[in-house]
Every structure is written in C-alpha cells, then in structure tokens.
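A, B and C are the chain letters, set down in written order, and residue numbers restart from 1 in every chain.
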Amino acid sequence: MPPRPSRRRVPPYGFLAAVKGNLGAIAVGLKYFLDPNRFTLHYPREYIRLKPGYRGFIVLNKAKCIMCESCARICPAAAMKMVRFQAPDPRRPGKMKLYKYPVINYQRCIFCGYCVDVCPTEALRHVPAHDVVYYNLEEMDLNLEQFQVEPKSPAEVEGGIPVRYVFDPERGLVKVPEKGQAGGG
Amino acid sequence: MSSPGELKLSGWEVGETRKLPGMDVKKIGKDLYEIFIGPQHPGSGHMRIIVRLDGDVMVEVDPDLGYVHRTMEKLAEGRSFIKVIPLVERMAILDACNITLPYVEAVEKLMDIEPPERAKYLRVLLCEINRIASHLYGMGIFGVFLGHSTMYMWPFGDREVFVELAERLTGARLTHSYPVPGGVRRDVPEGFTDDLRKAVRYMRKRLEEYRKIFLDNPVIRARLEGVGVIPRNLAIELGIVGPNLRASGVEYDVRMVEPYEAYGELDFEVPVFEEGDALARAWVRVEEIKQSLRILEQVADKLDKMPREGFMHDKFWAKAPKLYKDVYSREGRVKLMPLFANLKVPAGKAFARAEAGRGEIVYYVESEGKFTPYRVRVVSPSFRNAIVFKYIAPGHRLMDLPAIYGSIDYFPPEADR
Amino acid sequence: MAGVVDTIISWIFWPPLFQLVIAPGLVAALAIVIFILWFERKTAARVQMRVGPYNVSPRLGGALQLIADLIRYSFQEPIIPKTVDTAAFILAPLAMLVISVVPTAAIPVSPLPWTWPIPMEHSLLVALALTTLSPVFLVAAGWASNNKFSVIGSTREAFMVTAYELVFIISLLAVAAPVHSYNLVEIVEAQAGWRMFAILNPLAFLAAFIAILMSTSGFPFEIPESEHEVVAGPFTEYSGLLYGIDMGAAYIKRYVMSVLLTIAFLGGWKPLDPQPGAGLLAGYIAPLVVVLVKATIVMAVMSFFRAVYGRYRLDQAVDLAWRVILPMALAGYALGLIYGYLGVI
C-alpha cells in the first residue's frame, strides 16, 4: 500500500487527565530513579572496541601502493597530498625514478573514507581508532613514515577496558566488556 | 561614579539617542523594550532573534539569520561532483542522508542512471534512521527550552541507539556520505537487521514513556496548548514545510506526493494534525517516529529477502576488477571506481527533492559537462521555516518564545548553508 | 580544666549563636545544601540515563564535586561591570544570603526553653515574617545589574512574590488555628504520633510545599532564572563567588523554609520527646538532628521534581497560585479552624 495521509487530533485533556498526567510523569521518573538505564562510557578507563567497518584513522601500506593518485584526487578536503621524490630504481640499476606516495594531513581530514574506497589495490585502510591526539597542529601533518604506522587509541595504550555496545529491545544499548560475555548483538 | 538616574526622560523623541554611562540609549518606541536574544544566548542557537516587548508581550519578533553562513553553494561550484556530497552534508550532519540524497538523485538524473533496487532500500533505511535521529534531536532541544531536562537527556540518549545503527551501516556516526551517484557505499553488515528490529522495539517502548513524562505532563500541556498557532492558510502562504506544515493540517510530504527511492512501495502513513499549535508539532514528530519505525521494519524484512548483491549501478560495477568484488563479498563495502574522482556529468539541468527530517529539501544542479557543477542551488527546510517567527510569535509572552522556537525545530546551520 | 571546657561548650551552644551560625543556621545550611545539590544532580542523572558528577572522588560518587565547584567559584575573578550600581550589586547577594538564614533564629529545634534563642511566644509569625524579606534583595540584585535580562528576571521574581507569599502564610497559619497558638513549640507538641498536620491537613501542607517551590524557583516554577529566555535572570551579570552566593542563597532559603515546614507539618523532632532536665545531647542535639533529617527529605523530594517537570509560564504560575493553590490554602485554613473549633487536637 502506498504512503497515505492520516488525519488526527491531539488527545483531549481535562482535569482528570491532568491528575493522571502528574502521577504518570512522577511514576516514570521514579521508575528510572530506582532502575536507571544508563550506558555512559567512562572514557579513559573504558574505550569502545570499534567494529571492523569503522571509518577511523587511515594507514598506508606502501608495498601495495601503485602511485595512481586516485586518493589525492578524490579527497574532498584536500587532506591527502602526494609526496614526490627521486630514488634509485630497483629495476634499472643506476637510474633514478620518480616516486609518489600519499600522505595525509589530519588537520583537514574529514574521515569520509573516499580515499580508502577509491584505492584500487587496498593500499589504504582504516584502523579501528578514532581518538588519536596530537600535541600540536604540525604533528597532524604526517610524513610518509608516520603514515605507515598504525595509530593506537590512547585509552588502549593507557590500559583502558575495551567495551562494546549491543542492542537490547528493553534497554536500547547495553555496554558489555569485551573480554566477558561473547556473542550477543 | 554615575548612576542610571542621570538619564533625562523628558522630551525624548522616538529615534533620538542619549548617552548613559557606558552605552548609548535610543528610544525605539513608546513603552517598548528591545532585547537581542542571541547569537550568544542559551536559547538562541546560531542566530539572533530581535524581540520588542510591551510589558511581557512580544510585539515584534525579527529573526536575524546568517551567523553560520558558509557559502556552500559557491564552494560547490569549485568541486568535482562527488566532493560536493561531504560538503552539503555539513548543513545538518544529524540528518546527513536526507540532506545529501536529493543532490545525488539530481546528479543521477543528469547521468541518466537509476540505482539498483537494493540500493534504494538501503538509502531509505539510512534516511529513516536519520529522520528518527533528527526528530529525537529536535525533541531534546524542545524539552530543554521548556526547562524539562529529562526530555533533553532522554531523546539524546535514545538517539545514540540510532547513531550506533548508522555507524554500523556506514562506518561513521554522523557524516555518513552514504549515497553516491549510482548506489550506496556499503551493504548492511552481519546481524544488522536483527539489531535494527531490537532498536525498533526499544524505541516503541520509549515513545510511550516520552508521552507520559513530556506530552501528557500537565506543565508541558499548559505551555504548549494553543501556543504559536500557525493557521492552515498562513502555513501555506508562508511556504512552511515539513512536520510544521503537517501539524497545521496540510497533507504534504514529498515521500507521499512524489515518492522517491523505494518509498512508493512501502506501507506507511503520513500523520497530519489539525491544531497547528506547538503541541501538535510535538505530536506530529512523535507520530512520525512511529511511522519511521514501521518503515524500518519493512525495510529490514525486505533486505533479508533480497539477494545480497548489486547496490551499485552497472555502469560503475560491471567492469570492476576482481579485487573490488572480493572486497564487496568480504566486507560489504563498495569500492569506488577511480573514475569517481573525476566524474564527468553530461550537460543539463536537474532538479530533485526529498523529505528531510525538518521538511522538504530541494536541489537544483546544473552541469556544463565538466568535472564540476556549474551551479548547485539548495533550498533547505529550516530556511523556509525561519520566517514563521516573525508571524506567529508576536502577541505571545516572552516565555513562549522558547516554546515556539523549540516546536519549529529550527536548525540554523541548515538554514544558513 | 573541666570548667574551661564546659565554658567553651556553653559558649558554642549558646542558643542565639549556635542556632543562627551553626545549626540549623549557616553551617548546617551549607552542609545540607551541598548534599542536596549533589543529590539533585545525581537524581537527575539517574533518571536521565546519565552518571552525573563522578570524576571528582569516584569512590564517593562524586560527592566532592560541589566542594570543587565552590573552590572554583571562590577563585574565579568576580567581574563587576562598569554600568552596574556597584554597592547594591555587591551587597544584594550578601544580604540575601544573610537574610535567608535569619528565620532560623525563630525556629525552635527542641521543646526545652534553654535551647530557644528568642522567646517562642509568637515564633510562627516571626519566622514567617523573616522569610518574606529575601525577595527584596533578589529584585535589587537584578535592578542593580542594569542588564535587560536581569531586569526582566527580577520583575518575574516580583510577580512570583505575589503568587506564593500569601499562599505560604495562609497555609502555615492553618496549623496555628487548631493549636490556638502561634508558638511553634506548642504546634510541634500537638503533633504526637501519626497526628502530624501533614496528614490531618494535607491541603495546607500541599499548598505550603508548592509555595516553597515557587519561592525558591524550584521546578516546575523555575521562572525568574529561566535560562532560555533570560540567561540567568537577576544573576546574569554576576560571576565568581557572588554568583555562587546568588545561586546558593535560593537553596538556603529553600532549606530554611523546609525546616519551618518540618516543624509546622511534619512533627518537628517528634519521635523524640526530650524531658525537662535532659542534657545537651538528648535535649538539644538529638531533636535537632531529627529536624534536619526530615527537612533534608523534604528538600530531596523537591529536588526530584527537577527530573520530572519543565517550567510553567509566568502568567500560568501566577494564575495557578491564585486560582488553585490559594483556594487550596484557604480550604486548609478552614479545615484548621474546624479542627480548632471542635478541639480535635
């Protein structure tokens, strides 16, 4: 059946409904006061173990890169740039070759994941970390070596507990420690 | 040391400026009191509302927009077609799929391609998740404007459920950049539809509690009933869109009048309320969330039945190398062909619209056959709703202004573009 | 040596000093207000799917957060804008704080005459009269700020005074009628066992409870400071310690009124019955603790309402007060007169 309109009116309200409304509101409040439904992440002590598909920080696998420049061309924020340098060509001894590899500037990156999706050889990939921090802006402009190192979440480095959230029809999201109960979700 | 007592009131003409310690004072009218609400004000958002008060009653209300204008339309002219998607997404990141979808549709019209069936359902899936998240956000702001802090926290907490769903589907919590010309970027991950059904069951239960603590709360009823009434004809005259229009008794929803994507095949209602007051606008949002949950269930059933392949148009997918198909079958992720970086769209003009969370959003895209669009025009729902302040707020008391503002669900970044 | 200690103790527990400055006066007020603020934030957080204050002292559930806030307010620069009326701007919050505490001098916490700071003959009237003073300074604070939002906020407070003052006074007078006395001690002594006035006269109790909410801008009547129209109402221009005092003063007023409510309606120290000749502990401290615990529970219930209600509009609140709460208080008073006529108590 195609979409169709349905005309309604706001339910009417009288004195009795007002009394009932007061009691109902207080009852719902009390219910949650006695049995709170909270799933706050205590961040540095806990951190979310991100799902494999998460669009987190990006790492280059230089061995796979074919220098096609697609990533730099598709980047909507101009965060990804190619570095060019001359180096000896392994195939033709004694000759120099122009190499170009992508580097990323996390000051600009918007984590849209276009570069990873457009890379024809899967040389770029997302790592499950989204909370990497830098001391200053200059550090966010990675060079080629830094771009190949997989960044780690500081909470993970500090020894936080990994948790994940599973869906629950009664409580919405439920936080479970990663090492505890398996399955679910 | 001087005190305000030095101000001489006798013979002060309207429009004349006199000096006070530290300020100039201009008389704006007899017995009028002008206050500037915003842009740095807890109840204004990124905008300013100039209010003139006679006693406690507002006599003139002037919404002053433009504080977060980012020249999006102009920026779009310098970017290739695919890069415009993350750009326009920034209008309303909590409604990202609905906001970008008509742009993608317009580009598809120019390229004369149609996304495959599964892609259409996936787009509807994310659009409805976004719509629920957007309505919950609006209701949360509405709640806190009325001083109801629980109604602020609850929708924001429950929105997390849908943001989490969107994250599992697209890999990003808010800026999904999900639809691309030709299809979508990812398929549903393993176990997603079960999670979706759980979330739908949870939200249905929660909506009942929202009703108890907020909509049926006598304080909230008293604050909203009969406040900020937009009569049907005024709503049509001002060109209001979205839930605000439907709360005034107009049966208009782009999903219904001009079904796009898979909406024509889905079974749902478009709730329309007669009253047109702030309470009806709150109710219409709750009812729309219910209908969106209904759509989500149908989409989940449909996606389970469909074969797990083909959500990219053949033009981009048929000649894809084997690696691309491996990645797709392994991770459900579509790799974009390198030609996306320089997508050449045939010359022409296209127009597309969609029903975003806050109302109808319209895109006009003109291409000259180059890599970048010649013109991208956006008419966003919040911009069309902003004018309402000027017409319905006067005559109410100052304390009604947050109630009206919250009930319109006005979102300045979306209006300013 | 023992004589010196006794002298010091008798100095500290000299009722006019002890009652006003320590308990139920300023020190107890601050302690309980700090607890109630913590409780309010934790309650709201529990209802609202949050954790609330936590990171300051995780083992105590964030109880020290309020102390941390207090330290922050104390060290923040108090900015005094050029355009304000400086003397009134600084004095109004301080006066509000002091005046809020003063009614405790007229509230007995024990039936023994040596614990009374003033003669308790007409203590109900004195306490009521003293509670009505502090709104003046709230209005003054807003007016001295010379800010549009402040002026609107203090005008709203002035409107609210018309709504709650009469209700509070009439509903408290409803307990004086059956006892045939304005003496708070006699009023408490009349409420033996379960015969407390909250149960005998629920109308007057509810009216007084709502009046307290109104007068201390508790939800659903948080109107003068309503953030989304008038920023912080009369306190918009305040910063630093003065802002902290502004915000604390309302809670201290609520505390003092809750103590008065406890005495008048909830039987005061009533499970206890100190006999003449009881010592300091049994005759003064123990009944005082009972009163404070009861008052804290009253305040905790008021705090819970933050999680349930939004705020009324100004005109609706005044309308509600005059059209519903005032008749309720009058009915409560009539009930009190009937009790008094029949000699029920």
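Basically, a contact is a pair of C-beta atoms (placed from the backbone, for glycine too) under 8 Å apart; a residue touches a chain by one contact, two chains touch by 3 or more.
All figures in this text were calculated on a predicted structure; none of them were measured in a lab.
S.K.: Kindly work out which chain lies most centrally, taking the average of its C-alpha atoms as its position.
M.R.: If we average C-alpha coordinates per chain, B lands closest to the whole-structure average.
S.K.: By number of C-beta pairs in contact, which chain pair leads?
M.R.: Chains joined by the most C-beta contact pairs: A-B.
S.K.: Using mean CA coordinates as chain centres, what's the gap between chain B and chain C in Å?
M.R.: 45
S.K.: Based only on mean CA positions, could you tell me how far chain A sits from chain C in angstrom?
M.R.: 49
S.K.: Roughly how many whole angstrom separate the Cα centroids of chain A and chain B?
M.R.: 23
S.K.: Touching two or more other chains, which residues of chain B qualify?
M.R.: Residues 150, 157, 213, 217 of chain B each touch two or more of the other chains.
S.K.: At least two partner chains per residue is the criterion; list those residues in chain C.
M.R.: Counting only residues that touch two or more other chains, chain C contributes 47-50, 307-309.
S.K.: Two or more other chains touching the same residue: where does that happen in chain A?
M.R.: Answer for chain A, listing residues that touch two or more other chains: 25, 28-29, 38-39.
S.K.: Can you tell me which positions in chain B touch chain C when the two form their complex?
M.R.: Chain B reaches chain C through residues 1, 3-4, 20-23, 33, 35, 37, 41-43, 56, 143-154, 157, 213, 217, 219-220, 222-223, 397-402.
S.K.: Considering the complex alone, what residue numbers of chain A touch chain B?
M.R.: Those residues of chain A that touch chain B are 1-10, 13, 17-18, 20-22, 24-25, 27-29, 38-39, 51-55, 68, 70, 73-74, 76-77, 110-114, 117-122, 126, 165, 167-173, 185.
S.K.: Over in the complex, which chain C residues touch chain A? Could you list them?
M.R.: Going through chain C, the ones touching chain A are 43, 45-51, 54, 304, 307-309.
S.K.: If we count contacts the way the header does, which residues on chain A are in touch with chain C in the complex?
M.R.: These residues of chain A touch chain C: 25-26, 28-29, 32-33, 36-40, 42.
S.K.: Can you list the residues on chain C that touch chain B in the complex?
M.R.: 44, 47-50, 81-83, 85-86, 146, 148-149, 152, 219-220, 222-223, 226-229, 231, 306-316
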